[in-house]
Amino acid sequence: MTMQPLLEARGLQKLFPITKGIFRRRVVAEVRAVDGVDFDIMPRETLAVVGESGCGKSTMARLAMRLIEPSAGTLRFEGEDITHAEKGDMRRLRRDMQIVFQDPYASLNPRMTVAEIIAEPMVVHGVGDGPSQRERVKELLRRVDLAPYHGQRYPHEFSGGQRQRIGVARALALSPKLIVCDEPVSALDVSIQAQIVNLLQDLQQEMGLSYLFISHGLAVVKHVADRVAVMYLGQIVEIGPKAAIYGNPRHPYTQALLAAAPQPDPSRRGQRHELAGDVPSPMNPPPGCRFHTRCPFVQERCRAEMPMLREMAGGQQAACHFAETIPVYAPALTMRAPSAKLKARLALYKERHVAAKSDAAATA
Amino acid sequence: AQQQQPGQLTVLRTIDADNYDPIRSTATAAAEIVYLLADTLVSVDFDMQTVQPLLAESWEVSDDGLTYTFKLRQDVKFCSGRAMTAEDVVFSFERWLSPESSSPTKFRAGNVAEIRAINDHTVEYRLNEPYSDLLFQLALSFASVVDRESVEELGENFGVQGFGGTGPYCWNSWTPRQEVVLDKNPHYTWGPPIYENGTPQVERMVWRVIPEANTMMAAVQTGQADMTYYMAPFAIESLRAIPTLTVQQQDNYLYDNFVGFKTDKPVMNDPAMRRAINQAVNRDALAQAAFFGLGTALHSLLNPKVIDYDPATAELTPAYDPDAAIATLEEAGWELGSDGVRVKDGQRAEFLLYGIRNTQNPVMMEGMQADLRRIGVEMEIQLWDGTAAWGRLATQEFDAFVLSYPYVTATEALSLYFRSTQMPTPNRMNWNNEETDRLIDEARQATDDETRKAAIGAAQRQLVEADVWMPIVSQPMILVSGQRVEGARPHGIYGAGIYKGLDISLTD
Amino acid sequence: MTVPVLEIAGLTTIFRTSMGDVRAVDGVDLAVERGRTLCIVGESGCGKSILSLSVMGLVPTPGRIAQGEIFFEGRNIAGLSPADMRTIRGNQIAMIFQEPMTSLNPVHTVGFQIVEAIRAHQRVSSKAARALALESLKKVRIPSPERRLDEYPHQLSGGMRQRVMIAMALSCEPTLLIADEPTTALDVTIQAQILNLLRDLQAETGMAIVLITHDLGVVAEIADDVAVMYAGKVVERGSVGDIFDDPQHPYTLGLMGSMPRIDEETDRLVAIDGMVPPPFRLPQGCRFNPRCPFADDVCRSEQPQLTALDEGHLVACHKAPLELYA
Amino acid sequence: MLRHTIQRLLIAIPVLFGVLLVGFLLMQVVPTDPAIVRAGPTATQDIVEQIRRQLGLDQPLWYQFGLYVWRLAQGDLGVSLINNVPVTRELAATIGPTVELMFASLFWSIPLGILLGTVGAYYRGTILDRAIMAVSVAGVSIPVFFLGLVLIWLFGFHWQLLPFTGRGGPLWSWEGIRAIILPAITLGGVFVGPVARMTRTSVLDVLGADHVRTARAKGLSERVVVLRHALRNAMVPVVTLIGLQIGFLLGGAVVTETVFSWPGIGRLAVGAILSSDMPMAQGTIIILSLGFILINLTVDVLYALLDPRVRST
Amino acid sequence: MSDVTTTTGAVPAAAPIMVEDTFVRASVWRVLTSDVGAVIALVIVGLLVFAAAFAPWIAPSDPYSSDLVNMLKAPGEVGLLGTDAQGRDMITRLLFGLRTTLLMSLASVVLGCGIGAVVGFAAAYYPRLSGLLMRLMDVLLSFPAILFGLAIAAIFGPGLIAVVIALSVATIPLMARVVRGAALVVMHQEYVEGARSIGMSDRRLILKYLLPNCLSQIFVFVSLRFGQVILLGSALSFIGLGAQPPTAELGTMASDGRAYLFFAPHVSALPSLLIFIVVLALNVLGDALRDALDPKLRK
C-alpha cells in the first residue's frame, strides 16, 4: 500500500503550561494533554478516537486542525508538512479541513443568521460572489435536510439536532477533504443522534470525505468508524481496524472500556467487570505505562517502562508490554442476539419509515 | 442639644491656615490666631484709624521719620513664664527680616537700617528712609513678638507644633483643617486699652473648621458652637431673628473685593474698555447678591473709611450706566459683531478672568458676566480653589482677576498693589507707571500727614482715571455669637474678627 | 400483593408560563415495589425530572402539581404541608441528581454535607453523625473515606462525587431512592462502577429505586421495570424483558433502532424523524403521531390510553400490536 | 492559604509602584509651581526662586522621582509644602477618623444590604421584592451631599437629636458614637443599594443552582437552605463588589467629610491636591491606593475563606 | 485558576451574564416592555433626553441673563419653579443643566467605555498582553476617581473637560474588566474556535464575533455606569471641579445651591431631584435590561 495519507501525525504533543506570577510568565506545571501520538487518516476513511473524559481527544482534534500549535511532532496534510505553516499557507489549508463541534448550542454565533453562518467560510476565503454564495447556501441547507427559508433565521430558533446540521452545512461549504468531528452527537438525544450519524455517513459516501471522528460512545464509534484509536491520558494505547479493536482488543484498557459499555441487553446484566479507580491527572501522569494504576494485569515492568505501540496479529497496534499474553476478551460471543420480535418490528418500522419519507418527498 | 464644656469657647470658621508662624503665613486665618497667641508693639483701635499701645507703652518718632523708639511694658511674660525683654523684640524683628526666613511679608517692615535694644525695655527701630505706614504695619500679626526659646526649640515646627508668645492665649494643639485649641495665658494682664479687661476671660478657645455653610449655620443655631464671623451672608438675616443669638457688624472693617485688569494685554490695554467695564457693572446689585445687603458697594478705588481715603475718587469713579458704557465702546471703535460681541481691529472684546472659588465670587462674577454681555463684552470665568489659585494668579495666562484683601491704610494698599516693583505679583495688573511709583514713594516717605495725604490722594485719582481696577464691594464683618457669650465685639484687623478677644466671657 | 413503595396515579404537573400552560407531566401512572428498580426513559424534555421532583415535592416555582395522587407506602403525599414533606424528603425518599459536579455545595466539606443530611432527620450528636457519615462513605466504597470527610467537592473526581451524593442519599436509609440520570455525566468506566454500586446497595438494603435515564444501555443494566415517556406521558410500561424483547410502542421501537449496537452490524440506523414537539405546542391526538411512521387519522385525532397487552405490559398506542396494522 | 495571600501581596507591589509613578507624574504635569505655593500669595519672584532651589525642583524629573522612592523606602514621605508638617504625621492623624467613618458606614450598610438582597431574592417578584429594589435603586441615585444635608437638617437642626460638626471622640466613647451616626448613615446610605442589588442577583443565581436543590432534597428547612447553602455561596460576587465599590465610597467620603467636618484623609487629599502640596498629595494617594489594594487583598483572602476552590490554587 | 484572579477579584466586576444563544432581540424588547417600571423609566429617559436636546427652544428664558433683583425667589413667586441665586429662571436653568449633564456623562461614558472596551478586548484576545494590561487597569482602579479628577482639574483647570477626563479614566478599568470577562466567556465558546478554523482574520473575529456577543453586557454596564457617572460628577462639582459659570450643570447647580438649602431649598433640591430622577430611571432601565438579558432571570 503506497497510498498517501490525507493527514499524517507523528509524535504529536501538546503541553499546556500552568503559569503563575504577576505577569503569568512562570511555568509551574504542564498539562500533558496530548503526549506523542502517531496516526494517519486516509482519504475517504473515518478514523474514530475514543477515550474517557480529559484524555486529550479534543486537544488532538484542535491539533489536527492546527487551531493550536503542537509542542512537538509533525503534522502533514497530503504529504505537505504543515506543522509550522505560515498564516497564508494555513488559510489555504483551512479550505480542505473543517471542524464540527460537540455543543450545538455553543458552536454557532448567535448574532448571525444561519445563511450568514454557512456563507461565512466562503466570504472569508473569497469563494464566489454574492449570488453564487446564496445559491450554495441554499444547496447546502437542502443537503442537510433543512429548508432554504431556514437561512433567514437565527440559531436560537433551532433545536439541537438542527443546529448540528447547520454546523455540518458550514463545514461542507468549502467542500473540504477532511472533517474533524469533535463529539458531534454526544449532546444529542438518541433519536436525533441517529439522524446526524446517518447524515454524516451519507455525506461521506457522496463526497468522499474523510472524518476524524471523536466520541466516547463505543457503539457510535463502532457504527461509523473504519479504524479506531483508543486514547488514555494523552496517548494512543491501541489503534487499528474496527474489527480488530472490537473483536480482539489487545490493550487491557480497550478491553475494560468495551466491558464497561452498557449494552441494551438485560440478559447480560451483572457480567460487566468493572475497572477500578479514576483517570489520573494529566498534570502528573504516572510513570511507565500510564494505565498501570488501574490495570488488572499490572506487572513490575509496567510501572517502570513505558510501552510503545506495537504491531499486533489482528492488524492493530497496541501499547502494552503484555498485549499478546493477556486473556482474550470476547464480548460478542456472550452477546445474545436481538429477539426475533424486535427484529421483525424494526424491519417493519424501517419499511414504514422509508415509505413515509418518500410520501413526504412526493407531496413536497 | 449639644452641651458645651464649661469655660470653653468654640469659634467656627470655614478655613484653616497653612501654619501659625507669624512671619511665614499671609493668611488671615493665621493672623486671627496669631493675634491671640502673640502681641505686637502697638495695636489698632476698633475705628481702624487709631494706633494704641500694646507691648510698647509709648513710642517716639524722630523728626526725620527715620528712628522709632519704643518703650516696652515691664510686666510682659511669655506663656513659658519668662519675662519678655527688648532682646526678644529685636530677635523677632530680625527673624522676620532675615533673608533666611524669606518671609513673604518682609516688605511691610519698611526699609530697615537697624533694630536694636537700647536697654531691656527700649527698642530702637531705625529706617533708611521714612515710612509713614510703619506703626500700622507693626500692628499687624506679622510683627508679633515671639519667644526666642520656643523658636529655637521648635525650629521649622514653630507655629506648627507649638508656639511661644505673649498673647492672651497659649498654644495647646493644632489639628490641621480641624481645630486649633488655645488655653488662657495665666500671666496675661497687658491687654491693649481698647478693651475693658486687660486679661482674657475664657479658659479655653477652640477654633473649629466647618467648611459647609449650612452645617455651620445649624451648628451655631443649635448651640454646638458659640461664635463665628464666617457666617455666610445669606444666613445673617434669619439669624438676627433668633433671640438667643447676637449679631454685630463691624462698620470699620477694611476688606475689599475688586477686579484688576492686566493693562498690558490685548483688550485690557484699551482704557476705554476698562472704563466701559467700570460703567457697565452694577456694583450695588453685585454687593446685594453676594452679601445680601450686608456689604457696601465700592464706588471708589479704596474704602471711604480708610486713612487717607481721597473723596474725589468717588466722583471720578464712573457710575453704573450701561448706555454710557456702550457709548464709550462705540467711541473707542468697538463695533458690535454679528454674535453680539464687539470687535475692534479684528480683536474680539473678550477676556479671561481668574479668581478664587469661594461663596461670593461665583455669584458676583456671574453677575458681572451678565452685565458685560449686555454691552457686547464677553468675560470668561475660571475660578480656582483657594490654594491653587495663588499659583495661577502668579502667571500671565489671564486678562483680569478678582481678589479681595484686608488693609489698614491707603498707602499700604497702593504700595502693595500698584508699585512697579511689585510686578508680576501682587501687581498683577502689570501697572508700570513712573508717576504712580513716584506718588506712592512720596506718600510712604512722608513725615507729615499732609504730604502723605496729598501724594496718596493723587495716586488714587490717577488710578481711578486709568480704571486699572474695578472696585466692587467692601465686605462686611459680622460677628454672630450665642447665648453663652458676652462682651464679644467684632474688630477685624487683617480679617481677625475678635482680635485679642479680651472682653469675651462665658455665662456658665 | 404488597403495597408498592411508591404509587403514582394520574399525576399532572403544570407550569404556568407566558406562552401558556405547560403540562410537563401529564396524567402519569406508575408504581414501584420494594427491592425493585423502575427505570424511566425518554428523550430530553419529556418530563422525567419534573416527575421525580413532583414526588419529592420540589417542583420549581411556576410549576405545581395540578392533579393526581402520589402514594408513598400507602399514604398520599401529594398534598402534604411543606413541613411534613420535609420529614419524608431526604429521610424516607432520597434523591440523587445528574450533575455530580454541581449538585454538591462547593463551599462545604463533603463530611459537613452528609452530616447535615443526617442531622436533619435524626437527633444525634455531631460526633455520632460524623461516624454515620463515615459509615455511609465506606458503604459507597470511596477510597480512604476518613480523609474524604474533610475534603471539598472540587477535590474529588466526578465518580467520587457521585458516590458522595449516593452516600448522602443513603445516610438515612431511605425506602425509596430516586436517581435522576445519575451516570449520564460520567465516563463509561465510572458509569459501570456506579451502576454496580447501586445494584449492590439495593440488594443490601432492599430499597426501591426509581432511576431516570435516556440511555437504554443503562436500563438494560439495572432495571426491573421500565416506563417509556414521551412528551409528558407514559407511552409504554413493562418489565425490562417486555420492553427490550417485545417493544410495542413505535416510539420505543424507534429508540431501539436509533441506538447503534456493539453486538450487531447495521449499515444505517433507524432514526426517528423530526423532533420532540415543544411543550406548549403539542399535537392533537397521539403526541407521537407527527413522527410516527404508522400514524393514521385516528392517531391524529384521538389520544390513546395506556392499556394492558400482557400481564404488566402496558402501551398507549392505537396500533398495538403493530403487526396487526402492518 | 498563606501562599495564596502572599501571592496576592506580590501582585500588589507593581500595582502600588504604578500608582506611585502615576501619582508622581500627575503632580508633575500640574502647572502650579509648588514653590509659589510655598511662598504664599504676596511673595516676590526672587523668594520663589530661592524656594524652588531649596525644594530641589530644579533637578531633573527622574532624579526627583528616584529620590522620592528612595525616601519612601525609608518611610519618609516628606513634609508638607504648606505647613512643613511631616506627611506621615498628617496621614497618621487623618487615617484613623476615615477608617472609623468607613467602618461605621459599612458596619450597618453591608449587613442591611445583604439582608435586603436576600429577602428580595427569596421573595422574588413579590411586592416586597419590588419595594426593596425600589429603595436600593433610589439609594444609589441620590447625591451624597444632598442626603447629608437633609440628615443634618432633620436630625441635627430640626429635632436636634445628633451632633454633626466633626468627630466627638474615639469610637468606643458615647460622644464618639453619637457624632458618627449621621456621617455613617450618609456614607453608608449610598452603599446599601449596590450591596442589596448584587446580593439579590447573586442569591437568585445560587437559589437556582443544583446544590440548593440537593440541599432541599435532603429535607433541610428553608432557613438553613437559604442561609447555609444560598447566601454563603452568593457572597463571593458580593464581596468582590464591596471591594470595587470602596473606591466609590471614597468619593462619597470626601463629600461626607466636608459636610460633617469630619477630620478624615479624604479632605486632606482634596486639599493637598488642590493646593499642589505635592508631598502631601502623593502621600494621600499612596495611602488611599494602599487602602484600596489592602481591602481588595482582604477580599481575596475572604474569597479563599468563602470558596475553598480558590484556596487550593 | 486563570488570570481572572487578580488583586482585585476573582469575579468580573459585573455579575457575568451567560452569553446564551437564547438571546432574542424581539423577546428582550418584549420582556423589557412587559415590565411597568422599565417602561416608565424608558419614557422618562426619552422625555428627559428630548427636553435636553431641545432646551434652547423649550426654555422660557435665557439661561444666562441674571436678574439680581429677583434672586432666590420661591417656586411660583417668579416663574413656575422660582429663581436661583442669580435671579435666573429655574426651569431654564434646569433644562440647560440637564443638557450639560447628559452631554458630560455621555462624553465620559463614551470615552471611558470606548477605551475600556479596547483594553478589555485586547486583554481577552491577546493573553500575552493580558497580564500587563490588567495590572495597568489595577493601577487606575486603585487610583481614586475623585483624586484623579482633582489632579486633572489642576492641570486643565476646573471645568467640564476635567470632569469628563476624570470620569472617563475612572470608567476605563471597570469597563475593561467587564469587557474582558464577557469576551473571555465568548472566547471559550466553540463558535469562536469555529471561526478560527475557517481562517478568519483577528479583526473580523473581534468585530463580528466578540463584539456583538459582548454587546448585551456592555449595554447593561453602560446604562448603569451612566447613572454613576452623573453622581460622581456631582461629587466632583461639590468639591469645586464642576462646570464653570455661567454654564448650567445639574451637579454644579445642586452643590452651589446647597448654600441656600435652608432658605431657598428649591435652588439645590430641584437639580438634586432631577439628578435623582435621571439616575433612577437609568438604573431601573439597566436593571430591567439585565433581567431581560439574563436567561436565568427570565420567566
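We call the chains A, B, C, D and E, going by the order they appear; numbering starts again at 1 in every chain.
One rule holds in what follows: a contact is a pair of C-beta atoms (placed from the backbone, for glycine too) under 8 Å apart; a residue touches a chain by one contact, two chains touch by 3 or more.
Model, not experiment: these values are computed from the prediction.
Among the remaining chains, those touching chain B and also chain E are D. Set against one another, A-E and A-C show the most C-beta pairs in contact at A-C. Per-chain Cα centroids separate chain B from chain D by 39 Å. If you average the Cα atoms of chain D and of chain E, the two centres end up 21 Å apart. Averaging C-alpha coordinates per chain places the centre of chain A 89 Å away from that of chain B.
As a whole-number value, the distance joining the C-alpha centres of chain C and chain D reads 52 Å.
Shared contact sites, meaning residues of chain D that touch two or more other chains, fall at 11, 14, 31-32, 149, 153, 157, 258, 274, 276, 307. Multi-chain contact residues of chain C (touching two or more other chains): none found.
Counting partner chains per residue, chain E shows two or more touched chains at residues 135, 154, 240, 258, 261-262.
Those residues of chain A that touch chain E in the complex are listed here as 22-25, 62, 65, 67, 90-91, 94, 97-99, 101-103, 105-112, 120-121, 124-125, 154-156, 167, 170, 174. Contact residues of chain E toward chain A in the complex are 3, 19-24, 130-132, 135, 189-191, 193-201, 204, 208-209, 212-213. Residue ranges on chain D touching chain C, taken from their complex, read 209-222, 224, 228-229, 232-233, 306-309, 312.
By the touch criterion stated above, chain D contacts chain E in their complex at residues 8, 11-12, 14-16, 18-19, 22-23, 26-27, 29-32, 130, 133, 137-138, 140-146, 149, 153, 157, 197-198, 201-202, 204-205, 208, 236-237, 240-241, 243-244, 247-248, 250-252, 254-255, 258, 266, 269-270, 273-274, 276, 281, 284-285, 288-289, 292-293, 296-297, 299-300, 303, 307, 310, 313. Put simply, chain C touches chain A in their complex at residues 43-44, 143, 157-160, 187-193, 195-196, 199, 214-223, 240-241, 244-247, 250, 253-264, 266, 268-273, 275-276, 293-294, 322-323, 326.
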